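Next come the structures, one after another.
Next come two complexes, and both contain chain A; in the first it sits with chain B, in the second with chain C.
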Partner chain A sequence: MDILSPGESIYVRGGFSQGVRNDGRDFLQFRPISIEFDGLRQCYSSSKVRIGSKSQGTEVTTGIKGVQLDKHVGTNDTQFQSTCQPKIQCTVHYCPGVNSNELTAATRVQQLDQRYLKHAEASQEQGGQSTGQDATIGETGSGLDSHSNTREMEHFLSAFFTKQYSANLLASFQGSFAHDWQLLIDTIVTEDNGSIIDCISLSIICALSYLQLPCDDEDPDKPFTLSQFLDWTTLPLSLTCYSIKEAGESIVVDCYPEERACSVCSFVVTTRQDQHDITKNPVGASGTSSLATIKLAQYHCRNIREQLISALQQHIDAQRALINGEQSSIYSFCISLK
Partner chain B sequence: MGGTEVRATVTGPRQDHQKSGTNKDRGTIETGFFISPFAPVDRKNSSRFDKRSKETQALLIHLFESIVILDQLPRSSIQINITVIDSDGSLQAATINAAVLALVSAGIPMKSLVSACEVSLIDDEILLDPTQDETYFASGTLLTGHVTHSNDIALMESTGQIPHDTLTSMLAQAHQGCEQITDFMEKALQTYAESLSGVR
Partner chain C sequence: MSETIALPGEIIDETGDFVNGHGTRQTSRGIVSTILGTASLQNKFLSVKPLRTNYQGEVGDVVVGRVVEIVQHQWKIDVHSKLFAGIKLGAINLPGNELRIKDATDELNMRGFLQEGDLISAEVQKVHADGSLALHSRNLLYGRLENGILVKVASSLIVRTKQHFFTFSFGVKSIFGLNGYIWLSPSSDIDINQQLREDYAGASFIPRTSNVLSDSSALPFSPFERGTRLAMARLRNILLLMNSEWEPISPQVVEELFNFSHKQKLEVIDLLNDQIGHKLLTDFRAYRLSNAAST
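Here is the complex of A and B:
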């Protein structure tokens, strides 16, 4: 997206100062979320998540495949009873023609340098008088971007989610396993209009919620059996929170690129069942926020997570019932969080 | 098409940044082709620059340079990007059909529509629109792109071994398949046009 014009900036900031966003949402309200299960035949499980409307939203598709690594053979020809903690590898790819709206650190510095040099040259031509143009850079804050590095963003997102879903963090598959598994979680981004980390995180959770891995069965007549489902409520959920000066101490979630351009700071809050991880968002903002804001973000993200779990529970149960009934059909639904 | 899901986007016409020496009286077509890692049966990271992607990109450029009226778009470039989300046979045919519909949706001037389909030969049996498993066992596969409402062939590519006397039958079968695809595409475009005009 292009850098915000002063008029757009005033319009967006004015709305925040009055407690209103462009589309009438609250600060802590997400755009409508539509989710589709089991759309990919070749994968063990898959999900497609869209945050926002068709014309201006963020959409990602996640597919999970597995690779068997080692086979453990117990003594006395018995199956090795164990729990399986699969190794995880996450990759994120942007579809061709889709560019990331985020500005990575390297390109952001480059953009700031170029803008500063242009302003410096312009002010020198005007007789060396400061016209106050430099303040514009500060006002646009974290979101100034017009040449985001999509490949760098892919690398960052892949590393971020691989680290998050490493074997230490992922709940174990219970059951008799004779193999170790490596799970390959691949995500493709088909549209990016803000909240990309939130969207990918939700998509991975939805895909993992009904994943079953095949394992050897003790019955020689059966080639394999399917493992039990994961306890998906323990999976980590990442939400990006923004701090906007005009919004006061409150944090804002699910920002459009225009709203993000007006933010002072952003950070990613990853909540698990009883834990929080705060990551300074390496893409976008370079500002600072107070400890009170961070604690407030933790509180709100925990609430959003609880709302999400309760909204998804019945749908995931329905999808699991379909799987157990060996019916294959695409299950889609919409949820809205307030 | 069945289990194959392809997403096509068209950007342009926009200013062409080609270096001097290229033909400035005609527009150019650029393509991008990406297969999602989870699309094939064996999951693998496909690069945008691997052999299969390059072949498909060349195929699309060759086809659309003869279909799109580039003389009306001087010094412009049209970018056609294809993403394969799920692959279960007839991938190139689905790619061509998706790209044609995307070009129509973008309002790019074309001489005519093109519909594509694949036919395979397995044990002297001709199969229309084969799945991935059927393609593995086929002795030969034929990809054809037919100009709608005419007998002209815009594209023909075969792989494997096809006996000479069977080729005519396969072409006839492919022509029938393309006519079915054409009906479907026209209905879809009509629905799309009505939604734009607010009729529905």
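Here is the complex of A and C:
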């Protein structure tokens, strides 16, 4: 990725203040999303998600395999439920076809770095004296900065999604199923033009939405679905929001790398029904943000998640009706969020 | 043997009469293409020219590039070539109206004119033996590019024309770099830049004042309308669309397509959609054909 020149950053920030982004979208508008299901024959379920157009977009492929561990036949129900949660292992390979030495995770603006540093210092001093209206979330440690390379990116992403899907998702597990399974989720990033976490998250949801594992006990031909994935609309979705100062306290979603470089700080908001889990990554130097901004980010993320999930459900239902009874085949569609 | 498209892994010769060249490999089955491109034959020398390739410069080409490094006497510029291009300190005009020998003070001040990340437009002065380029900007047309956006397309798509600096009728000026980098900026900047140019007459690069970024009111650019910004967004999306649809890019065709997309009542964000974009270009090709037939 390139370094962003000050001359370009002037234009991007001017666009923020006028409410028009580089490609004509509004702040809360996503690029078209196209999803392809079941492209990988070797996996139990797979999906390919692309955010953006053919020439400039983010593309992620996810495949899910399952490993059957022990069989639980005729055991005590309560004991059964506590032992047979599927273990989920998530790996993310970040390889968008770029030389890893040259790649940095974010484009950067040297002069803006200094500006943010000043801004952060000023607001920290303010926070010490004032009544504590400004909230600064502590750094996450695994957050990425402008000098991260592919390996760090991969570590960050895999750590993030392993945490999401092994702890967060399965904490509220209820129900029973026949076998103790270990799920292996493998994700490959083949192209990166912003919104990488959103894209991976959506891709995992799409793959889980029709995950069917083979059953060899009673009816060997009929695959079964793990009970907590029957209602896949409750799965957590992670979205990245960027806070910008140019137009008041505004939130921008689905940013290009150059827009990311011009924002103050980014949040990763993971929404699951009513719960929120927020990770904050400062862009450039340590960005600060107020509680109001975080609330705003939560609000917008919930709205976008609802739109996204309902659009996805509509398409999946329509497609399922079409291919009913036949073998599942590759199908793709395009979602444009307003 | 006429020029044919060769796919990677395709056997292009089984007879064994030919010598394998670039983009091919000799195997037990014959000569196999290793890249996607057009197969060509010179005497007994069989090679494949790649379709998508890095920029290979020629003297006199207008290019747009990004400064990646400052080394002794020169800036290293990324022009999407296989090697970084260089622009020597001696190949630019410094403030002051006359040509003069650059001394050590000028060398120390190099970062004041151009720093890492800056975009410039320049002309290819020389192609070295290893294929790297030497650029120069001894012309007031060239210089540092500010307040606009860079669009990257395949370098082989840019059509060589007489005019690579083009001002569109809808208030956008552009530089179509032959290396596939296209610069778009609002044309209303001209007046204010001229004021600056008078102050620094004859200079290739106006020295950067330190407070340009921190104080937005001191920006050396006039504010422009929301409509211009939307036109630039549309132009950007159209260029990326032409790139993905493999349509040759020249200012005239871009302007026609811009107006055509207006006629089709397409919104700016519609152009991000692959299906709509594909339909637009198919219609546009048919429209151009019917126009050419009628005249």
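Annotations for the structure displayed:
Here is the rule we go by: the second predicted complex is superposed on the first by the 238 of 338 C-alpha atoms of A that agree within 3 Å, B and C clash if a C-alpha of one lies under 4 Å from a C-alpha of the other, contacts with A are read in each partner's own complex, and residues count from 1 in each chain.
Rule of thumb we're sticking to: contacts are C-beta pairs under 8 Å (C-beta built on N, C-alpha and C of every residue); 3 or more make two chains touch, one makes a residue touch a chain.
As the structure is a computational prediction, the values presented were derived from the model and not from experiment.
When both complexes are overlaid on chain A, chain B and chain C end up clashing with each other. Contact with chain C, but none with chain B, is seen for A:Q18 once the two complexes are overlaid on the shared chain. Applying the stated contact rule after C-alpha superposition, one finds that A:K65 touches chain B and leaves chain C untouched.
Comparing chain B with chain C, more residues of chain A are touched by C.
By the touch criterion defined above, A:T162 reaches neither chain B nor chain C. Applying the stated contact rule after C-alpha superposition, one finds that A:S34 touches chain C and leaves chain B untouched. In the superposition on chain A, no contact is made by A:Q307 with either chain B or chain C. Contacts of A:I10 after superposition: chain C is touched, whereas chain B is not reached.
Within the superposed arrangement, the part of chain B that overlaps chain C, taken from 77-85, 95-103 or 131-139, is 95-103. Comparing the two complexes, no residue of chain A contacts chain B in one case and chain C in the other.
Taken together, the chain C residues at the contact with chain A in this complex read 66, 68, 78, 115-119, 144-150, 153, 185, 208, 212-214, 216, 219, 221, 223, 226, 229-230, 233-234, 236-237, 240-241, 243-244, 267-269, 272-275, 277. Within the complex formed with chain B, the residues of chain A that make contact are 39-43, 46, 61, 63-65, 67, 91, 93, 95-98, 184, 186, 188, 190. Those residues of chain A that touch chain C in the complex are listed here as 2-11, 13-15, 18-25, 29, 31-32, 34, 52-56, 109-112, 115, 334, 336. On chain B, the positions that touch chain A within their shared complex are 3, 5, 7, 9, 11, 32-34, 36-41, 43, 45, 48, 79, 81-83, 85-88.
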